[in-house]
Structures are given as structure tokens and as C-alpha cells.
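Remarks on the structure that follows.
Should a chain be cited, it is by its letter among A, B, C, D and E, assigned in written order, with residues numbered from 1 in that chain.
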Amino acid sequence: MTTNALLEVNNLTVEIPTRRGTLIPVNEVSFNIDRGEIVGVVGESGAGKSITGSAIIGLLDPPARIAGGSVTLQGKLISDMNENQLRDIRGKRIGTVFQDPLTSLDPLMSIGNQLSETAMAHLNIGRDQAREKALQALIDVGIPAAESRLDAYPHEFSGGMRQRVVIALALIGDPELIIADEPTTALDVSVQAQVLMLLKRLCKERNTGVMLITHDMGVIAETTDRVVVLYAGRVAEIGDTRQVLTAAIHPYTQGLVGATPNPTNLANSQERLNQIPGTMPGLLSMPAGCPFHPRCSEVMEVCKTTLPTLSQRENSTIACHLGAEAKT
Amino acid sequence: MFAYIIRRFFQGALVLGIVGFIAFSMFRFIGDPYENILGQDATVLDRQALEERLGLNKPIAIQYLKFLGNAMQGEFGVSYRNGIPVSEMIAQRLPATIELAIVSALFALFLGVLLGVYTAINRDGFLANFIMTTSLIGVSLPTFLIGILLIWVFAVELNVLPSFGRGETVEIWGWKTGLATASGLKSIILPAITLGLYQMTLVMRLVRSEMLEVLRTDYIRFARARGLTRRAINFGHALKNTLLPVITIIGIQLGQIIAFAIITETVFQWPGVGLLFINAVNFVDVPIMATYLLLVGSLFVVINLVVDLLYVVIDPRLRLDGTEAR
Amino acid sequence: MNESLVTVQALTRVFDVSKPWLNRVLAREKRQTLTAVDSVDFSIERGSTYALVGESGSGKSTIAKMLVGLLSPTSGRVHIDGVDLANASAADISSTRKRIHMIFQDPYASLNPRWRVRDIVGEPIDAFMNVSATERAKKVDELLEKVGLSTKDGAKFPHEFSGGQRQRIGIARALASDPEFIVCDEPTSALDVSVQAQVLNLMRDLQRDLGLTYLFITHDLAVVRYMADHVGVLYLGRLIESAPRQQLFDSPAHPYTQMLIDAAPRVDGFGRDHEAVDGEIPDPISPPSGCHFHPRCKQRIDQCNQQVPTVQHADDRSVSCLLHSQGLNL
Amino acid sequence: MSDSRWLRWWQSDVMWSWRRSPVAIVSTAVFFALAFAAIFAPLVAPYTPFDPSSLNLMDGFTAPGETGMGSGNKYWLGTDDQGRDIFSAILYGMRLSLFIGVMAVTLAAILGISLGLIAGYFGGWIDAVIMRIADIQLTFPSILVAMLIFGVARGLTPPELRDQMAVWVLIISIGLSDWVQFARTVRSSAMVESRKEYVQAARLIGRSPMIILRKHLLPNVMSPVLVIATISLALAIILEATLSFLGVGAPPTKPSLGTLIRIGQDFLFAGEWWIILFPSLTLLVLALSVNLLGDWLRDVLNPKLR
Amino acid sequence: MTRKTLSAAVLFALAAQGVMTAAQAETLRWARAGDSLTLDPHAQNEGPTHTLAHQIYEPLLHRDMSASVIPALATEWAPTEDPTVWRFKLREGVKFHNGEDFTADDVVFSLERAMKPTSAMKELLSSVASVTKVDDFTVDITTDGPNPLMPSNLTNLFIMDSGWTTDNDSAEPQDIANGGDNFAAKNTNGTGAFQLVSRVVDEKTILKANDAYWGKDEFPLEVSEIVFTPIQSAATRVAALLSGEVDFIQDVPVQDLARVGGTDSLKIVNAAQNRTIFFGLNSGDEDLTSDNVEGKNPFSDVRVRQAMNMAINRDAIQRVVMRDQSSPTGVIMPPFVNGWTEALDAYPAVDVAGAKALMAEAGYGDGFSVVLNCPNDRYINDEAICQAAVGMFAQIGITVNLDAKPKAQHFPLIQNRTTDFYMLGWGVPTFDSEYIFNFLVHSTTDELGSWNGTRNSNPDWDAKIVSLASETDLDKRNATIKAIWDGVQAETLYLPIHNQVLNWGMNKSVNFDVQPEDQPHFKFLTFTK
């Protein structure tokens, strides 16, 4: 593990005690993000990607809680901070963008006030300064006629503009890290492209690290530098994006890439899509051994009994017996 | 926005028209006005004279219009019981009821919102659960019993608060108020608690459940993610959004407060319109009963209009054209 | 060329989105309408898949609803196997209805949570077929197996299934009345990619086995490429381009189609910088004049903001864009 | 088969949450115990307080545990001013109160659910008309509605039938004053549900609105109805008591819990505390258990709070 | 007359401290269930209305706290040689509250006003032919025939100032029935010991002592201010007394007597009231509307009425319902009424078996059902008595459906003859049986029998009753009265229950006797220091 990383997530484990037993939606997840780096976290629903994001900023909904592992931000442990300490991290050092821009904004407060309230919470500035800061933030995210839009309410914006406002809110405290949880899922394709480009540009300009949570392999490919593939709460594969997507080692990553339709690749158009059989196991019915083994096309006996550990291979880190066996 | 208010206004007028019709029907069908007015030894001639005078020989529609016309001019007839014009009696009694209703409503609102917010924020706390459970006692006993118990404890046994009446009243700009004297203030405590307790519980539970829902919304989560303080989140964002649906209910509840004042006023001998009404019911004093109904209907309409305006003030989504779904 | 099973001619649907009467009077406003679907023509060959692609507000779901009879068109016609749904006799409508079904978008909302799976799947049988209880049960079992579920699943409730399995239940229900034509309204947009692949494959298998005709509605161009034989692109209620799949992707004629293809994220588009499109989809209540796309179009010419482009046909392609007003030359 | 159904029911989320909530268990137990005692009052009660010929006036005001002066009978909870055994009167009164409450809520629920479903599903002017009626109904606070209906109905019924009619008049007046809540809730759920695709699927195959309303929508709008019904039951019982206080409740010869309390309050200062205490406690416990159940149900059945 | 001297003696005894008492402002806070309906003294003939009027206005003569007739504005009264003319000597030097002098003109004006059509007091003066002024302080009242009871009729007829009343357009009494309103309904100008300070209907009425009162030296007059508050709810009324918020209440519920009496600072004063409670039954009609017997009237059979009379356990009602605050009776008149005898007062012992036998004999062995109409806010524990009676009648097989209503709805049932079985209470302001016969026994005609809800018509009784009015031979008259009573009792025309006992609750420092007509006169009230 690099010690000078912006964010280090180490063996992070989240538990949800329920009546039918304790769920472990995030299980010993480790990865890190450097300054200015965009790291994608990809996986199907239930893979634990959003919960990982929430756990990092301490926003887990009770009864979910961090049960193990650590999160450090620039060498400072933040996973055991209390709510008051976390408040200085959130918004100030880690900005957040949620999926649905409409529901992320308080419908009863003008966006100017929402922006300046956030600025005042972190920057130790007065009302007038905060308002200026808010205006600048709106200009930065490309809201046209920003000055006149400061006193507008969320419902007066279009979907894409709203998400720009949310990004402005995430960036107003000049954070070192942005956690963007499916930021474009609710948007139209044409707008999605705009928003992703904006996010990419702003973060590169400010040298901000980004954790981009998405289920869309296309978005991963086009936007991120590195990718973390999650399956059933565990890391399946981590590596350079191009490496992972073009030469995936983990059968799950392979399957995921293969199942994603590609609009430009007409070569295999009349073929069947590469489907992974079955569905992701429920958190209560986690199979023994490798969680992916019931769906794996290359399943081996060892997979059914032993949990594979993460190991470094070529440019990726993967958790699979397949590669490990070949290596040994 | 303007259209919205006009529409609500017409709706209110329609409501009043119907309430008026019910009130009018009471004149016609509840109790025999001849009997009530003339007594049993009336002659046929007497009856005809009365019929002429009251216009009872005209078609019903005309009678109704006449009734409405009179009502609009504040002309509600004369009490059968003591011959005083109803408008005068109501005007004399209304301040007492309005003061009681407002104090109860403020008590219910203030404490209800406070406790509602508290129990929502500390959802699983011991004290919050305790408040939630004990508050149910307030709605599990009939109002009159609570009133009698309060009198028993605070007036008879402890002898600290008055058991009846408004205490000293003074007139301020033609409004007879009990809120400006010490004895008046002391007198209003027990009735206001009796009347407001139920509504307080209701408001509290409503605020709690709405607040719990609001606290789960994305924008609260996002507000936390922005690192806002707990206070800014709970009061700057959550409470405001909570109050939106609560306001409507409170509007309706104010109407209920005025109606339930009937019981409180009876128990505490509070000289308001509720007491007047219940006496009128016993005496079949139809003019007073009908006027009371119209009054409650009008108050309700006005309250709802105010609530609607409040809604528009709070919710920017309604400010544009007021056509947004409600 | 195969005969058409479904023909849609000048299909138009206008919604009245006016404010209440009093508001209009006071604000001196006119009635407001939203033309959700504007003179759309297309036809679907028997046994093929026609995909309608469009972003939000394009009118694709409205077309779907009109085709299955959930909405009636404001004007224009829908012929299904020669039967005009608007003017046919009751008996014809009933027998035609039986031949149409629909697969819905949301696998959670499309199944009644209080019903057992066998009742959900069997409902069309109850509605259309007069069969005994045992026959019905047998038929339901067959359907469940056909879509890859177990017959035991019939006794369960929808919440006991995952999203993909629910969508299979929805497909089983759609097949229950032995329809020929199925309207698929974004059937996989709520599913994960791996499950999406399963469902899409299943649908293609079923099409092959049962000779089904699909109208496939989606916003995802990538999915279209796997499913469709012919693609229509909608923008603000207008069908701006219609072409066989291969041709559409190879040589999109309309700038909007080009933009859509460009904007769709690609698994192989590493670090790609998009030529990001300007603006967003306009308010459909007051769409731009002329060609609706002109304010965002990078290739617009002077007339675009005044002149509504006419549809130009060539072979089995059509496009409505002023760039091609002299006929399609590709 | 039925075994597994029981098992599944027992293991369902609601039942699981029930087993975990001491408040829910206790209030269920208390409510059912009271309801059971009320339903089987004629078997449980030692005396028949509704039969005037069985009363011995000389037993009046017997203190709890004492023997009556007239008959020499022993009364556990004492007697009231008419020599009525308080314990038996509570059982019979509770039976009456519960009957009135349950029937009134049923009436309100049937009315409210039907109108709410129709308004929510059809929308448009039908919705507008129904909801305006509801608005107007709300203008009249429940207690006034009940008093009005009670007054009119009493005027219309022949005096010799009034005692029997009083109960039904109460049911109708309380029921009619309470339907709006049901209608509003059902309407908003029905509006949400009827936009869902399963309803479209049913419309698609030509199912009639009646079938869609009954088979598809109704089961899906029932959980909030259950919560409202529970709380309304408590409200109806209290409202009946309140009406009794105003003299428009159950007749004194066949007293409900509320009438018993109304009678009892006359003797509060006189030292005959048992006449008001025991009926009040019963009412409190009854209403409290129903309210607590409603509270718990609301939390359990509200998916937004899960 | 001994009483008069006694009170004079008391006055002398008090005279020493009288100066001190008057100097101290003593406020009496007084509460009762109902408020006065109007201040116009001739507009309503109703207890609470008269009670308030008695403090402000005065009649020519009135009943003191022991109910004996004493002089008020008249000092002497006697019939003249012409038995149809009564002569009244008026008190001199009396002033109205506004300073006007009281003269014979005021008496003539007031009595004539009370005889006007809109007056509610006109029945009491129905025999009066004219009122004439003899001189400034003498007035003659001429009646249609000899009227030995004239003084009794005048005790609630208040004298108003003719000038003030006319000047304020109140020469006609307030016409309550037709929704009339006048100045006198809200303002007062009497000669009484107290004058009005302020009044809010149903809320609070404040009176202060009249410094110019003619009787300053004759009555204690220790009360300098009266604050009168009507409190309807019995519990609240008692609570107000218990908590010391009021000093004096009328209408103490019987169940709270012990509590009030047992409270250190409070006391209960009681006296037999001039009111009898009884049930009336429709025995005259062919059939009843509210029963379940077709084509027959079970009440028309005297055996049924006797059986019912035997079924009522008056002692139990007295002990349990009334807590001994009543005296059971077998006749519908209180003991102070002329005509009352112990024999009449005796009531049958409870005999369920005997009653059942009588019922069977009358052909109602299986019983029948009927509706009993009962007031619930008029008499002491009226509804509870009816309920108790329901149980007692049930024991002889009569199913009684109780219909209890507020008095305003109950009394019209009797007056309109729309009830077959009802409760009624009757007081006798004239203290003579004739008053009872006129209203309750005489068959219903235009003038008489207006409260006889039995529909019973007995020409023999009617003739005897009419003869009483002009019979001047007292012995003969009393014999006729006895004959009528014997007839009524033999027929069991009514089912008497008891005579009420009046209870007033007050602070221990208050010395006050109960007035049998429930009309306190506060000028008699004294305080213990």
C-alpha cells in the first residue's frame, strides 16, 4: 500500500445486524485513491459500492456500522471519528455527489442559500463573501446567467443543471476528494456526457481525487484512471482501467465486460450477449468459498471451499483462484 | 397564485353555502318554530301572522336566499331563550372562545412541534419513547374527563388554579380579553390544557412521523454530506420541510379545537360560543344553533384560506402558479 | 420483404396540460398542449424487432401505450394485422387485444405485490381464454418453465424474486395469451448488466421460437444494437430517423442520431473526451420552432429554426432533417 | 399446507417485529383480553346490568368489595347510583362501546375506501367531486357532525325505539364523521398504485375497472387503512364517550363506558370514586392498547420508516 | 308575627357592629346552575330570573326567608268592604336607584304593564279588573270576584319606575316569544337593596348595595357587592365552592352534600322545598301511542295505576338516590299547603306481589311496555329517579323505555299532550290546594288544567274546583278541598314520589336561611366575623 495516497481504505468491513442474521454488505474492501486520480468503483446492485462510499464519509444509515478496517485521509484515520469530527471532514475535505440531483437539494431553500450555507460552514467567511463564493461556484460548473440563478429554487432548474449545482455544492469547500455515487444515472445520455466531462475537468484542474461509483462499464472506461470491481461486498479486481477492461483476469470482470452491449462494436452484433448465469447471491445466502463460484464458468473445486485472497498480478490486483493457481 | 386563492375562496363560499343550507334546514325542520315561538295556546290566526312575519309561506328557495342574505348582513334572528339578538350574543361570547382556541392552539403547536422534533431526532431514545407512549394517554381519555380531573387536582385538592370562568377581563379596543389580567391568565391555563392536549398529541405525532420521513430524504443525507451542523440540518432543512404537510392538518385541527371547545367550555363554565351552543341545543334555540354552525363553518374556511396562503409563502414550488399538486 | 404486422400512420397524441380555467382567465393565457407524439409513421414486419430510441420526453412510452390500447391516439391510425384499433368492431378489438401484450419497465411495479406468481401469470388466461383450472395451472407451469423459472415459483409472491427473475415473470405473463406482438417498454433499464444480458437473450430466444414481433422501446442505443432489426429515433415526439440497424449505426443521417451514438459510453472508449453536446432537451410544452433539434445542432443551417423538415425516404430508411431535404444521399 | 402458512405468517416481518416489541405484545394481549371479556360479557359478568328488573336500588353506592344493603350481594368493584354492579356494567358497557366503535369504523372504512378508490383511480371530475365533499365534511368537526346526525335521527325515530336506535344512530353519526380520513389516504395510495405498471397490465388485457379496483388496488391500499382503522377505533370509542357527556350518547339504562363515566363524574367529589375510576381506567386501558397497537402498526407498515 | 319581632331583635343586637360591617366591603360570590333570562321583571315567570330581580326590584309584598309574606313596598294591605277590592298602603320615602320617588303611579303603571299581552306574569293577575290610585301612597286593586289569595299572587310582581320605563321605550314588557328586545331587558332601575353594576349574560352579573335603600335600618344589609356567576356543570359548581372561589351556591348536588358539609370552611343549610315530584300518566285517552298494547290504554285501568303506585320503592329512592334529602309522599303536595293531611301524605308500602296480582287482575299479567319522558336538568336527580323507577316497574312486568331530555324539550311534551307517561315537579306559590287543582286536576279547558297531562276529565271534580275560587267560607272550602283530594287519591290520578329538600352550600362565615322557594334575598344575609 502506498502511504502517500490521498485516501486509503484498508480492509473496510460494514455490518448490518438484522433479524435474520448479520449482513456484511462490505467485506474487507481495500483500495486507495491518489490526488487528482479518478477511481471507478463498479459492480452490480448489491455489490456494496454505495455502502462503501457512505462508510468512507461516515454516513451509514443505522443499524449499519463499520465493523472493521480503516479509512485514512492523507494519513489521518477518519473511520473512528465521531460525528462532530466527521462534520469537518464532510464538505470540507470530502465532497459528495449523489445520484438524483432533484432529491439531493432542499426544495424549500434557494440554491444560493444552500451554497453559501455550505461555504459558511467550512470556510469561516461572512454572508456576503459566502454569496460571492456561491456565485463563483455556479459559474465554475457552467450555469448560464449564474448571478440571476442564485435566488432560484431547485425546481426551477433542469435535471442537468441541478446536477451541476450539486457538483458546485460538493466543490465549494475545496475538498481533496469527491465521492460521486452514480452521478449520471438519472440523466439523459446527452446530458450524462456533459456532466461527466465537467466532473473530470474540474477534478483534474484542482487536483482533486474522485471516487466514481457506477454500474456502467462504459462510464468506467471513458472516465476513470483506475477501477475497483466489487462483487458481493468484496473486491474482485483492482487495476488500471484499460488493463482491467481489456484483459480482465477475474471471470466476473470478464463477464461484466462481455455482457455490456457496445454501440460501436458491430462485429459481434448478431451474437448472443455474453451472459453470466444466475444472480448475485443475497447477503444472507452467501455461498462458501469464492462468492462468485456458483456463477463462474471456470469454477474449480477449490473455489467452492476456499475464499480467494487479493493478490497482485501483472498490473491488477485480483481475488481469484484461477490466476493464483496458474502462477504457483 | 392569485387564481389559486380565488379558487380557494370560491370553494370556501361553496362550503359556506352548504353549511348555510344545513343551518337553514334546521330552522325549517328541527323543532317547530310555531311551537317554540308562540307556545301551545296559539290560535290559527297567530300562526298565520307568524308565518307571514317569518316568511314561512314563501317557496323554500326564496326563504333560503333570504336567510343567506340576512346572514351576510349579520342578521341571524333573535334567541328563543332570552330574546337577545343572536349576533349580539355571539359577538359577546366570541372573544372568549377565540382566546381559548388560540391559547390552546399555541400550546398544542408549540409543545407539539417541540416534542415531535425531539422524539423524531432521538427516535429510539428512552425519553422519546416514554414521551410517545405517555402522550397516548392524552388521546385515550375523553376531554371532559381530563377537564374534570384537572379541576379536581388543581382547583379542589391543590387549590392553585381557578376551576371556572375567565377571571377578570378588561376591554382593549372593544375586545374583551382575559389575557391582560393575572386572574384571567390563571383561569385560562386549565381549559387551554384540556382543550389543547389532544391536539398537542396529534401535532407531536404528526411532526414526528413527517420529520422521520424528511430525515430519510436524500437532501438531508446530502446536507449531512455537506458537513452542515446538526442544528442547521434539523431546523434549517428538516423542520421546514416537515411543517409543510403539518400545516394542512393543523388548519383542520384548529376547526376541531373550536368544536371541542363545546366540551371544555361546558366543563369550565367558560363563557364562549361553545357553551352558548350547548345551551341552545338543550333549549332547541335554533337561531343560535344555526348561527353557531355558520360561524364554525366560516372560521374553518378562513383558517383554511390562511393555511393555503401560508403554504404558498413556505413552498416556493407553489409561488409560481399554484397549480402544483397538493 | 416480409409483410407488416403493425402499421402506424401519422400517429399523433396531444395532451392538454393547461392550467385550470381560472388561472388561464386571470393570466390571459391560452390553453396549453403538449404534443407528445407528432405524426409518427412506421411499420413493423412480422417476426422482426423494431426499436424506438429516444431520451426523456421523446414520446416513446406514449407510442407504446397507444399501440397496446392503453391510450387512444389524438389522430392517426394503428393497424395491427389489418385491424384498425380505433374503428374496429368490438369482437375484432377483443381478438386483436389478445394478440398484443406488453413487457414493462419496472420489474417491481409491474407485478401486483399481493398476488401469487401463478395468479399474475394466469390473469391474461382468465381474461381471454375459457379454460379449466387444471388446464390453466398446466399452462402457467409451462410458461414459467419457458422463461427459465421453476414451476414451484408459482406459489411465491413477487417480493421473493430478484429483479431479473421478476422480469421473467413479466415476460411469462406477456406470453400467457399467446400473443404475436409484444411491446417492450424499456424492459432492461432497471436491471444490472449481467441480468440484462440474460433477459435480452431470453427475449431473443423466445422471438426465434415463437415467431414474435417486438416493438422495443429504449433510451440505450447499445441495447438496440443487439435487439433491433430496424431502429427509429425519436426527438420531442417526432420520428427524426428510421433505418435498418446496421445502416443507422454505420451512417447515421440525422445530427441527433450522430450525437446519441457519440454520447453513449463505450466499454472500449478509454479516456475518450466527448464532443459534448450543448444544452438539454427543451421543454416539450414549448418546443423550439422549426426543427426541434436546431438549438443544439452543430450542423444547423439558417432555415432550421423556421422550417419543419419533411420526411425523406430512401429504401427502407427515412430521415427528417433539412440537411437531407434534397433526398437522402448517403 | 395450513401449517406452513401459519409458520410463514408467524415468521413474516410484521409478526417478527411484533414478537420483538414488548409494547405490541402487551397491548395485543390486553386488547384481546378486554375484547374477549366484552364479547362474552353475558357469560363473564356476574350480573345483568342492562336488565332494569334485576337492579336493587338499595344496593346503590355499595363500595368495592362490600355487600349491597338491599340484596346482600357482594360487589367486587362496587355499584353505581342505581345499584348496578360496576364490574358487570363495565363489561356490558365495553361491549357496547366496542360494538359501536367497530361498527362505526367499519362503516367509515367501507365508505372511505370505496370513495377513495374511485376518486384515486378515475381521477378527473369524479375525484374533484368526491374530494370537495370530503372538504366540506371536514368543515364540520366530527363532534358537530355526530351531534347533528344524532339530533336529526332522534327526531325521526319513534320514542319507544330510541333506546335500540340510539346505538345505530351513534354508529352512523360517528361513522359518517370519520370516513374522510380513509378516503384521503386510500385516494392518495390509489393514485400512486393505479399509475403502477401492474394496473396497466390489467387494463391492457381489458379487465374492468371494478375488477381492477377490487382485486388489484384494494389489497395494495390496505396497510395504511389498517393503521387508520386502529386509531379510528380508539377515536370512535372516545368520541362515543364524549357524545355521552353531551347527552347524545348511549341511554343511561344501557350505559356504554362513556355513559358510565358521565354518570360517575357526578360522584367524584362525593367520595364514591369507584363509579368513575373503574370505567375510566377501563376506557383508558382499552383506548391506550388500541392506540399503542396502531402506533406500532404504523411504524411496522410504513415502508418509509423501515 | 313573632318572627318579625325576632328579626327586629336580631337587628338590634347587630346594630352595634352594623356600622363596622357596612364600612367593610363584603363581597358575596354567588353561583347557581342557571342565569336569569332577562332583566325585564315582567318578561319571564321563572325562578332564577325572579331571584335576581328580587335583589334589584321589589314587589308590594314578598316572602321572607321563611316564606311568610312580609311587607315590601306596601306597608299594609287588606280587602275593603267590597270583597272584590284590595287596598294597599304604600311605603313612603322610597327612592328608585336613579333617585326618582316611588309613588302610587308607579304601582299602577307596573301592574298594568304586567298585565299586557307580552307579559309573562299576566296569568297571576288574570282576575284583576283594574288597578287604581287612591292617593299618592294608596292603591286599590279590583278583581272580577272575591280573591282571598290576592296578596300571594303579588309576591313576584315587581314595581318599576313609570317615568324611567316610559322614557326608555320599555312600557311594553320585552316580547321574548317574538324575539323582542328592550331597554329594560338590559338595564334596571328598581327600589331594591342592590343595584346593577354590570352584567354579561350567562357569564357574570355584579350588583352593589343600594346606599339609599329604605330598609337600611331594618335589614342586616351586610353584603356590599354581589358577584353572581351561573355555573352549569354540577361538578364545576361544587369545585368552585370547595376551592373557595365562590361563597354561596344554590343547587348543591345531593351526592356532594357530605363533601361540602364535611369541609372545614363550608356548611350546608337545608329546608323542605315547596315542590313535589311525581309521575303523570295518560289515563284519559282510549289508546296510548307509546305502548305496545293495541287498541287499549293500560293506564286507564285504576288497578294498573295502583299497582304502579305500589311498585315504587319511595324509601329506596329517598335513601339512595336522594341521600335522605327528600321526604317521600303519597300526595302531590308539600306539607305547607292548605289541604295537606298526614293521611293524604301516607304512601303505600312496596308490594311487588300485590302489584303483580293487580296487574294480572287488570289483564296485564304479562306486562306491557311504555315510554317514560323525563327531564334531565330540572329537578334534583330527576334522571336517576326515573331510572330507578324503570327498574321498579320492570319488577311488575312493565317495560319502561326511558327518554330523558333537557327541560326545554321535556315540558312541551306535557303541555302539548304528546307524552303518555312523564315526570313533573310542582310547587305551590299560593300555598293552597286550589292552585294544584287548577293546573293539575281540572280537566283541560281554555283557562284551567293547562298542566293536566292525564287527559282525565271528571265533571264532578271540575265543578268543585271552580267553586273554590269564590267560596269565602273557609271551612266549607276546606271540606271541598278534602273531597277533591280523596277523589284524586282514590283514582291514583298521579304517582307521587317525594317532596324535595332544598340545600344551599356556603362558606361558614355566611349566615343565611334557606328560602323554601329557592329564592335567596341577600339583604337578609349576615357574615360571621
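To be clear about the criterion, a residue touches a chain if its C-beta (ideal position, glycine included) is under 8 Å from a C-beta of that chain, and two chains touch if they have at least 3 such contacts.
Small disclaimer: the values here were computed from a predicted structure and weren't measured.
Chemist: Work out which chains are contact partners of both subunit D and subunit E.
Modeler: Touches both subunit D and subunit E: B.
Chemist: Looking only at C-beta pairs in contact, point me to the busier pair out of A-C and C-D.
Modeler: Result: the pair with more contacts is A-C.
Chemist: Between subunit C and subunit E, what is the gap in Å from one C-alpha centre to the other?
Modeler: Centre-to-centre distance between subunit C and subunit E: 90 Å.
Chemist: Quick one: subunit A and subunit B, Cα centre-to-centre, how many Å?
Modeler: Once rounded, the distance between the two centres reads 53 Å.
Chemist: Please output the residue numbers of subunit E that touch at least 2 other chains, ranges allowed.
Modeler: 235, 239, 242, 406
Chemist: Considering the complex alone, what residue numbers of subunit B touch subunit D?
Modeler: 11, 14-15, 18-19, 22, 29-30, 132-133, 136-137, 139-145, 148, 152, 156, 205, 209, 212-213, 216, 252, 255-256, 258-260, 262-263, 266, 278, 281-282, 293, 296-297, 300-301
Chemist: Give the list of subunit A residues in touch with subunit B in this complex.
Modeler: That would be residues 57, 59, 83, 86-92, 96, 98, 100, 103-110, 117-118, 121-122, 153, 155, 166, 169-170, 173 of subunit A.
Chemist: Where on subunit B does subunit A make contact in their complex?
Modeler: That would be residues 217-219, 221-230, 232, 236-237, 240-241, 244, 314-317 of subunit B.
Chemist: Mind pulling up the subunit B residues that touch subunit E in the complex?
Modeler: These residues of subunit B touch subunit E: 35, 37-41, 53, 77-85, 89, 92, 148, 151-152, 155-156, 159, 162-166, 266-269, 271, 275-276, 279, 281-284.
Chemist: Okay, in this complex, where on subunit E does subunit B touch?
Modeler: Contacts found on subunit E: 37-38, 43, 174-181, 185, 200-204, 229-233, 235-237, 239-240, 242-245, 377, 406-409, 412, 415-416, 450.
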